[in-house]
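Chain nomenclature is as follows: A, B and C, assigned in order of appearance, with residue numbering initiated at 1 for each chain independently.
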Amino acid sequence: MRKTLTRIICLVVVAIMALGCLVSCNTPDEAVNYAENNTTIKVGVSGPLTGGAAMYGIAVKNSAQLAIDEINAAGGVNGIMLELVAADDKHEPTQVSTTYTTLYEGGCQLFLGTVTTGPGIQFKDYALEDGIFYLTPSASGDDIPSADGGFQMCFTDSNQGTASATYFNTNYKGKKVGIFYKADDDYSVGIKNNFVKGLDASFGTPVEASFTGDTAMFDSQIATLKDCEIIFMPIYYTPASQFMKQGSGTIKSDAIYFGCDGFDGIDAVAGFDIKSITQEVSYLSHFDSTSTSGPAADYIAAYKAKYPDQPLNQFGAAAYDCVYAMVDALNKSGKEFSATTSAQDYATILKEVFTSDTFVFNGVTGECVGDQKSTITWNDDGTVNKIAVKYVVKEASAN
Amino acid sequence: MKAKKIFKKITKHYLNYAVIAAVMLVFIILAYATPMKASTSLLFQKITVAVIMAVSLSLVVGFLGELSLGHAGFMSIGAYLGGKVALVLTENGNLEASNILVFIIALIVGALCAALCGFIVGFSALRLRGDYLAIVTLAFGEIVRVIFTNSSAESFGGALGLKSPSFKTKEMFILVIIGFLLILLTLFVIQNLLRSKTGRAITAIRDNEIAARATGIDVTKHKLMVFVISAAFAGIAGVLFSYANKPIKADTFDYNYSIEILVMVVLGGMGSINGSIISATLITILNDKLTVYLTGDNAVFKDLFYALILILLVIYNNAPALKGFREKYNLRALINKIRKPKNDPSEIRGDAARWDVVPTKIEMDEVLSTDIIIEKNDRGDDSANIRERGGTK
Amino acid sequence: MDFITMIINGLSIGGTYAIIALGYTMVYGIAKMLNFAHGDIIMVGGYTIVLFFPISPVVGIIASVIFCVIVGIVVEKSAYKPLRGASPLAVLITAIGVSKLLQSAAQIFIGSESKGITVNLGEIKMGSVKISVLTLITILCSIAVMVALTLFVKYTKTGRAMIAVSEDRGAAQLMGINVNFIIMITFIIGSALAAVASVFLVFKIQDVGPIFGAMPGIKAFAAAVIGGIGSIPGAMVGGVVLGFIEAVCGMIPPITPYTDAIEFAILIIVLLVKPTGFLGKKRREKV
């Protein structure tokens, strides 16, 4: 009896104390300037540097570093040097609480957000609460951009899906369309849904096949899609290359594999000899990592010189553009800023520039005509305006 | 004299409550007195979830002696269903995400749904044991993951994840305090369960199911009870998780996460609740800190390290060949040596009387088979021993 | 014609699972432990093939078998042998630890990005159906492996010793069988089978990553359990059942994403209805 009593008293006391504290809850509202001891402007990015998506994160990190080194070599921003801080979120939303606080409390002032969409939604939540600005190179989810300070360098998934559908409607009328997508990937499902919605009636119902996780035996999917003349594949290049290799004998030999920006880099996949398949491989994207001329090629050359053995893809190019776009915006803003200006103040400056109608950025992603850099503008809701180009990685080859 | 007795009692039986309550009080004081960094409260939040998960898994693995590889599946159910309920309530009622009433409803729904699934899995535990049951729990976790991942966008968000309401980082400390209270609740339920007749029945089932059945213990009831309670607390941890994360993605609760919790339980010492609490706390802090310092392929060194520790620890604790060594150099024996003179009669009662040191099955086996091994010392394997022991029981 | 394609796909996937499942079944039957690391030994084999592939595919296959066997022996000697006689729970947890260890070691030494090769063995036309040569080889090989293993177990001294150990370890030892040696042989055969499975998987998928073997491993275990663990034809039956489920689910788009869930659900149902699987023998538990 005594025991029970002591126990209950113990719990009740603790509970009352805790609840008492809860009831009178109010938190200090003043924002702390974590950047007050900075000597450089810190640029933060959270991306997968480990695990299956590491190639995207590493490309982003390297490219941002490349852009920052170039800017610093040219004298920095108003004489202030830049510094990159990269945190590893492993492509898991649960890691963002760590990466975000590491970046923000570590004094980062400019943010590239996250590399991928899943963690990006969590990042957006934190960022908007703290009132900071981010320009993400490649988190393409429809939920990522925000009029309150979330901007994208890549197209949103729905825009990619719709743009691909429009391209199909004008160029591939009447062909038998198949779709191969990854059912547990938000990027893939997002694009696929909008693609199906945008496709006009002349195509009928496209044949769909999907896979999940790391399933890599695609026999059934190949059997389902074997009669299609054009296969839309809103997936990343690793599973795409596996599908192409496995399906090379069964899929129609003159079929077209049509991808999105995730396809970029498919011809560089280790161990995938793209010439061994007969089908055409194309994709609609804002960047071509095999460019041999123009600003894109200059970027590629600089990247390869600095990181010869590291992954190179459109994620990196977008990150390279992101750093330049933010610096460009700071230069054009005409506002005062220093190395110790808080992230919130930077956010105010950048938001004003990015939402202004006159801000035009010239970068390496988008359509570069000749030696001209592309023109990129932003809508007030944070989405990007630039021209997507269809790149043909490999023509169909009969044999 | 009386005060001394009460103090002794507290240190013996209620020490973990007292420590957790003290940590909570320090946290509350810190949260109100100083502007707390978001990273601190987020870290504490992760710790509370991990502790509840580890303690609830410890009940199944350490005390019932069955391996569950799908514990994250129960958490997933709690997170998704609790999150969904909270989402519906807050959106339809235009309530704040931090509305405590909604939180409590979500908590109850999450716990109940997870408990229901625990009942179903526990049902298979009635027919299966050991490796088979482990594979069933693994299968259960995978099924839950696949179903939530492929759910429609309107129901559970599908591949995009469920955007359930969550606390703002500035209010996260409230969630941490609730988390601490829930840890106390978990401890209260599970410890009292283990210290009761039921708890002794559960450990009896672990040590020898057939013998337990023979003595009249209702194995069915106890097994189901353990799975239901364990699942319910995993569900509660899931709701806590859903209130701190956005979006909730089914991939978070995969097989690897179940293993991570298992590592916490094993490192803390199977059959020790306090050990689970400590190791869950340490591993969560370590994970959090290492995320910052280990990047690129180096980050995998952490996994390598855990795997290595897991193997070495299990071998150290269980290898029949290391028995003598283990008895000589044992942390608990060392502490006892320092703490008390040798001939204290209170120690002779042995650890069976202590709720926190329930002898594991392995120890029991060894106790029962030691003599036989010494007599026929050319025997390396156990089968003959099983035969012999059968006779003694 | 879709129906025939489906059957062939089912047999090809099922054959691969069956070979992996044979490894599980043998180790489980004789060492009485669930070797969680079996799937990761497949991964080791896969990497070995990719590494040696540029030299010659045949060299790759041989190297893969040798390397898998070495890894199998090392794992058995260092992690499992000290625990012989300990509780099943301890052994199972160690096996999980070994599985994680191999995965993370692969990531550290080789990197998290997957490594690929390009293989095309061509197709054979049979009437109106095209069958890839690899599929045919997979099906034939898995049948051959099963027959060979059955003969080995039934008609050789070592094989009969294996049966004896699996039935009663203590009695087998009294009859003069070296139990540790037999368990070692089992692990060698299991690892070699893993290497064979890795050949089919690598040639089919043409891409190897650190968790390459994890899912096929778990599914093959499910196959072994469905067919009845400890039974060689059972592993084949279980593998083919799962192969067919996968083939059928793959052909019906709305349920394709649920393939894994369906397979695991069938596993649970089989276990609950008939815990010994289709062809497993019922074993009385000794008190």
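Structural remarks
In this text, a contact is a pair of C-beta atoms (placed from the backbone, for glycine too) under 8 Å apart; a residue touches a chain by one contact, two chains touch by 3 or more.
Given the structure is predicted, the values throughout are model-derived calculations rather than measurements.
A centroid comparison over C-alpha atoms places A as the chain most distant from chain B.
When the interfaces A-B and A-C are ranked by C-beta pairs in contact, the top one is A-B. A straight line joining the Cα centres of chain B and chain C is 32 Å long. Taking each chain's centre as the mean of its C-alpha atoms, chain A lies 37 Å from chain B.
Chain centres here are Cα averages; for chain A and chain C they lie 38 Å apart. In chain C, the residues that touch at least two other chains are 112, 257, 260.
Residues of chain A in contact with at least two other chains: 50, 54, 183-184, 212.
For chain B, the set of residues that touch two or more other chains comprises 146, 149-150, 297, 300. Put simply, chain A touches chain B in their complex at residues 6-7, 10-11, 14-15, 17-18, 21-22, 25, 27-30, 32, 49-50, 54, 58, 86-88, 90, 92-95, 97-102, 104-105, 118, 121-122, 125-126, 129-130, 141, 143, 183-186, 188-190, 212. The touching residues of chain B, when paired with chain A in their complex, are 6, 9, 14, 17, 21, 24-25, 28, 32, 35, 37-39, 42-43, 45-46, 100, 146, 149-150, 158-161, 163, 166, 168-171, 173-174, 177-178, 180-181, 184, 188, 244-247, 249-252, 288, 291-292, 294-297, 299-300.
Within the complex, the chain B residues that touch chain C are 61, 65-67, 69, 124, 127-128, 130-132, 134-136, 138-140, 142-143, 146-147, 149-150, 210-211, 259, 262, 266, 270, 297, 300-301, 303-304, 306-308, 310-311, 314-315, 317-322, 360-362, 365, 379-387, 390, 393. Here chain C touches chain B in the complex through residues 28, 33-34, 79, 82-90, 92-94, 96-98, 100-101, 103-105, 107-108, 111-112, 168-171, 173, 179-180, 218, 221-222, 225, 257-258, 260-261, 264-265, 267-268, 271-272, 275, 285-287, going by the rule given at the top. Residues of chain C that touch chain A in their complex: 2, 5-6, 9, 12-13, 16, 50, 112-120, 122-123, 130, 132, 135, 201, 204-207, 209, 211-212, 215, 246-251, 253, 256-257, 259-260.
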